[in-house]
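Shared chain: chain A. Partners: chain B in the first complex, chain C in the second.
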Partner chain A sequence: MARGSSALARLRLGRDRRRTLYALAAAAMLFVLGEIVHPGFASLDSLEAVLTVASFVGLVAAGQTFVVLIGGIDLSVPWILNGAAILLVTSSLGQNERAPYAVALTLAMGAGVGMLNGLGVAFLDVPAVVITLAMNGIMEGLTLGLSGGLTCQACASYAPPIVQQAVHRQILGAPAELYLWLAVIIIVSFVLGRTRFGRHTYAIGNNLRASYLAGISVRFTTVMLYALSGLFSALAGILLVGFGGQASLGMGAPYLFQSIAAVVIGGVYILGGRGSYIGAAAGAASLTALVSVLLAMNMPDYGRSIIYGVVILVLLLLYGREESER
Partner chain B sequence: MSPELAAPRRRRSLSVHIVGQNAGLLLVFAMLAAAVALYCLFYWMQQRSFPGNFELTSTVDNTMPLAMAAIGQTIVVLTRGLDLSVGGIIDLTNALAAVHMQDSLGSMLGWTVLVLLAGAALGFLNGLLVGVGRLQPIVVTLATLSIFQGLAIRVLPQPGGAIPPGYTALLVNMNQPWALLYLVLCAGLWLAFRRSAIGVAIIAVGNDEAAARANGINVVRSRVIAYTLSGVFAAAAGLFLAATATAGDATSGNGFTLSSIVAVVLGGVNLFGGRGSAIGAMAGGFVTTMIVNILFFSRIDPLYQSFYEGLFLIIAVVVGGGIGRMLRRRR
Partner chain C sequence: MTESEPAAGGVLPPAVEATGLVKSFGGVRALAGADFAAAAGEVHALVGENGAGKSTLIKILGGRLRPDAGSVRFGGEAIELHGPDQAHLRGAWTVFQELTLLPWMTVAENLLLRHEPRGALGFIHRRRLSRDADAALERLGIRHIDPDALVEDIALAERQIVEIARVVIKNPDILLLDEPTSSLGEHEVAWLFDLIRGLRARGKCVVFTSHRWNEIASIADRITIFRNGADVGTYRGIEESEAVTLMTGQRLDTLFPPLPPLAAATPMLEARDLAGQGIDEVGFTLHRGEILGVGGLTGHGHRELFLTLFGAQRAGRGTIRAGGKALRLRGPRDAIRAGLGIALVPEDRKTEGLLLPMAVRDNLTLAILDRISRLGVVRAGREREMTRQIAQALQIKAPSLLHPAGGLSGGNQQKVLVGRWLLAESRILLLYDVTRGVDIATKHEIYQLMLRLVDEGRAILFYSSDAEELAHLCHRVLVMREGRIAASLARPALSAEAIVAAAVREPLVA
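Let's turn to the complex of A and B:
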């Protein structure tokens, strides 16, 4: 084992890079395919639009990547996101001067709820599937109950203009949202690849017991990772409100499946320990490109749903084949 | 994990051992009893009478689909897997039944068999991907969930279709809780299954895959059968759902993916595999229905319903896990 470990490490790195490339190549191929079936699809404007939509999936997928890297999963995404969106509009009332507090409050809410998930996993030994599932229900009940089913007066508020600008404003020909996503990609990749916290994350995902014995604070890291996942769900909720203007019920629902799909397409190993956020981000881009191509082909909803599933299965089978070479 | 596996040297108290081994099952029935008592209390406070035959019948009829889905989910969870496609299979089988079933005995029987076979085929696909393809159950069944949901909407684009009244009377008699007979039948089947070769193999695979293989158990075959059975029970859930609604809806099964997991967890089935009972999972399904009933009669704003369900799930898992561990340690 020790003899081949450095060679193995290099191979593994190569494989992770390769998967990221696969996901990016898939996105590029889909744009070419889109251009064929629907001329003008691969224009700069449409590329920009697709990437903007992909960025929301990508942000949620950042949180999902963190928890999947330690073999967990976050099913509480939909209602943390939805609750965050509603909390932002009700606390800011669409006013710029209230916006900083509202954004801080919303992000703190997301991180706090995520932290509760983490505490349940780390200290109560509740399986991640169960605690995040229950937390999703808790957030759904609280969001619906406190907002009276989105009938409260403040619920109809728009996102503060400053938040809308943070998504829509054009900087050097691209919307600010894309720069924001780029920043998140750089920061998350740095944290995972270059910091002690990142190395601990991979170590726990590879072997929990060995990490514990090596003196890594497994519980602290776990709680932090789930808190980060909640934080990113809340961030996506804030930006989605900025994108669409108003909050709605059920706006978080698609992001659970899509974030997990992006993570899988991006080559993050679902049992933890391997994968990168760049892969997941590329996965989000290719997933959104796929949806856009299907939309351009006037594919009905059910067809999209079927193709979604088939694509994920095919990728799983391709990656799974590599896995067994190990 | 290992303390449970070590054989007890001194059989000091067999009763403590039995209680420890069946802690999950005992707990879920305690929960069910508490829920029923609470329900009766709230019911009495509102109505000044106790719930009768009508309430029992509607509770049983409403829980049948979940109880069926929970049995299937249990079998998969026993192999240390998870079947997220349960909701999709219910959608699709529900739609198939509503579109095709005619008001004649032949059609009803024929389509019941066909729908169950369809469920078996869908589950078999999951089983092949997980067992032969060696893929992770969560992502595989998430992908097939998407596929099955799409197919269901293809079969029945708008809610509609019709289930013959005779079929409804056969599965979920609206006047008497005859559906309880199906539960007793399933409980009997489970007890037989647990002692059968394949049942033992499935539990062994969930406990320790390597040890099961070393003992000559065909791991792949056990997995495939577990997912296939889950598909069959999900199809049965689809039939019961169609019978209670007397019509089809290609999205009405979606919630069952999560609620079947909730029922299984409440029923004391270990999500890490190898430990648990389908009878507990069925009882877990009834507990979730009772919680909804209690919330209704305690005049809690229905918008908060998910909040209480989530909270209850966490409390049940934490308390249940704690008590189970304590009992096993004291052995």
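Let's turn to the complex of A and C:
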């Protein structure tokens, strides 16, 4: 026992890294559990499938991590994502040659809407909850109105083949989507950990007033962070149509709750200032593993919802306790 | 009643007594076997450096913390306190250093919280609430605070007064005060001490902590000195130098280092006819190598002046020049970048200066990330080197530069803030009450640091609520009253008495 604890002490894991480990350990345990209730669950194929589904949550959670780190939140995820998915198919009409333009347009739309969120938070002092919720409603209305409730002719288009391949193509035995997610994990972690922008983000999340008095442009950083959140929602929308082939209404709905849950499970402090994207990514993986196990157990929808809620509450309680012990 | 045996010789047992108290937080031992006793009808001061265990003792006596070992007795009766309510039942009430008022409620609501007058149906009787609060304030001799004002809207010193009043109206037998004067000006301190004398005359026991020796000497009947989590001894009438030696375990020859005279008068910062929220017609010149003090009662525009000079508050009128160049300040960024650069150590370092959970390193380089980044990427090696050097130069004591700033002692936190601006190559330092709540040895260190900084060609604008400190440490002192500069005192006319006199003179006729 004593040796074990001293070995642990020697590891000197920071709290962030410890939580990432918790999340990954939870995912592993869920696979073991899945194998017990449903033999074959822990196969490589199903691992790949779970991670692919997790990657979409993970991408949205990247944006969510950025805004939660400054104590904000982005509730406009569902309809930015949904709008992006529809914008991609309608602007590309399923043609490869239009794909670059469609992808750029869609990402710009996401970043632009996110930027509006950021402008509202930074300049109008509107609480993030309010402005992003309103923005979600506006995006829902715009999407439904402009696509005629997804009845427009172009709405039935498929995602361009290269977008579909960007998700499905196998590289060294894994789908391209997972490489994409890995790249995002590396880039976002680098931005948060090593750049001036990342340092400013943590500083603002820890103490907005002190950051302002240290000469940080709080407003610029805030706007950029919300723009990034919109950008990642749009990216997830693009890849989701690439994954499924066609856009549908309501496809963004699950990603609000799941992205916030992933961020919380991964140990990003909900009031800002602490946490890492690698944690949120691990959170996305364990959350998806949980969903898959529940599905394998034939748990009905309502049961899954209850379990989600309980998991988040328990984690927040546990992390809150850890906070006060410090 | 349990074993409340009469003490030998008919002497009453102490009103409050603690024996063998031990308390640890994580790995840090705040109390290591501390004893303490205070009698009814006495004012008892607890002194010691930061981290000596005074606040922890007060929290244990007030029932906010439970000791790991040791016992607490009230009137000779051993009590295990599980929470503040039990202490309240024994008549022990605490006024805390950190403010605990609810900012969006009125003064009256805060004063009578949980003791609101009720109407017939059990609802709060609002008119009586206001009237009762008014009467209570009147009884305590507080006339300038409106019971219907929101706490958010009143000054820090006034909040502290409400905090004290809220406890005193509970009619405590034992009043515990943790640094009650740290945010009070001379005027308010006088009020508080009158109040304490009144309580003493009525046979109550008052225990308080303070870092200001003249206050302690003027009111305490007995003084218990703490060092490293234990009591060193209890004294009646002890000299300051002796007390400091006991507190620090070393002798400080003089608290205030000698101030070298100002050589040539090269202006570095000039304000002309500056006006804005809370300030009016402020003009002064700060020279190279000068420590220019700003004094006066709290709430008379000092904070606004500092924020305006730093660009954190808009100036409605007037000019600010640094190195002869007029500045247009749209925010702190402009001030930091403006040629010579202006730096502010804000009033409350915990809320306005440091990012407590972040590393010392991050706090030090926060204002210079632009300079140590290439293409937006922070150059880790350069950052490490720069922070190591500055930490060494300022003798910042931290387990490592990656340690959270919140884990450092108060004095070291101040040094981190000063270090941030030295790294930013600021030539003009605006130091706002940097010695507040800092122990004597650290104060001494900060004074020496300030002298070194001006000796190296910088200039310091220094606000302090301690007139003694201003008188000893500054070349000149501007005394502010109602947002204006009421007096400019230079040696030899400069003294603590002169500062206080200028601060409290009859209101200016406009």
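Operating definition for what follows: the second predicted complex is superposed on the first by the 313 of 326 C-alpha atoms of A that agree within 3 Å, B and C clash if a C-alpha of one lies under 4 Å from a C-alpha of the other, contacts with A are read in each partner's own complex, and residues count from 1 in each chain.
Keep in mind that, in the parts below, contacts are C-beta pairs under 8 Å (C-beta built on N, C-alpha and C of every residue); 3 or more make two chains touch, one makes a residue touch a chain.
All values reported here derive from a predicted model rather than from experimental measurement.
Trainee: In the superposed arrangement, does A:G230 touch chain B (first), chain C (second), both or neither?
Mentor: In the superposed model, A:G230 contacts neither chain B nor chain C.
Trainee: As a test of reading the superposition: which chain, chain B or chain C, is in touch with more residues of chain A?
Mentor: Partner touching more chain A residues in the overlay: B.
Trainee: For A:H200 in the superposed arrangement: first (chain B), second (chain C), both or neither?
Mentor: Touch status of A:H200: second partner only.
Trainee: With both complexes superposed on chain A, which partner does A:G110 reach: first (chain B), second (chain C), both or neither?
Mentor: Neither partner.
Trainee: State whether A:I138 touches chain B only (first), chain C only (second), both chains, or neither.
Mentor: After superposition on chain A, A:I138 lies in contact with chain B alone.
Trainee: In the superposed arrangement, which partner chain does A:Y212 touch: chain B (first), chain C (second), both, or neither?
Mentor: After superposing on A, A:Y212 lies in contact with chain C but is clear of chain B.
Trainee: For A:G83, decide between first (touching chain B), second (touching chain C), both and neither.
Mentor: It touches nothing on chain B or chain C.
Trainee: Between chain B (first) and chain C (second), which does A:G266 come into contact with in this model arrangement: first, second, both, or neither?
Mentor: Touch status of A:G266: no partner.
Trainee: Flag every residue of chain A that touches chain C in the complex, lowest number first.
Mentor: Residues 194-197, 199-200, 202-203, 206-207, 209-217, 273-274, 326.
Trainee: Mind pulling up the chain A residues that touch chain B in the complex?
Mentor: Against chain B, chain A makes touches at 73, 120, 124-127, 129-131, 133-142, 144-145, 148-149, 257, 260-261, 264, 270-271, 301-310, 312-313, 316-317, 320, 323-324.
Trainee: Which stretch or stretches of chain B touch chain A in the complex?
Mentor: 82, 129, 133-136, 138-140, 142-154, 157, 258, 261-262, 265, 271-272, 301, 303-311, 313-314, 317-318, 321
Trainee: Residues of chain C touching chain A in their complex?
Mentor: These residues of chain C touch chain A: 26, 310, 312, 331-333, 335-337, 344, 346, 351-358, 362, 366-367, 369-370, 373, 376-378, 380, 420.
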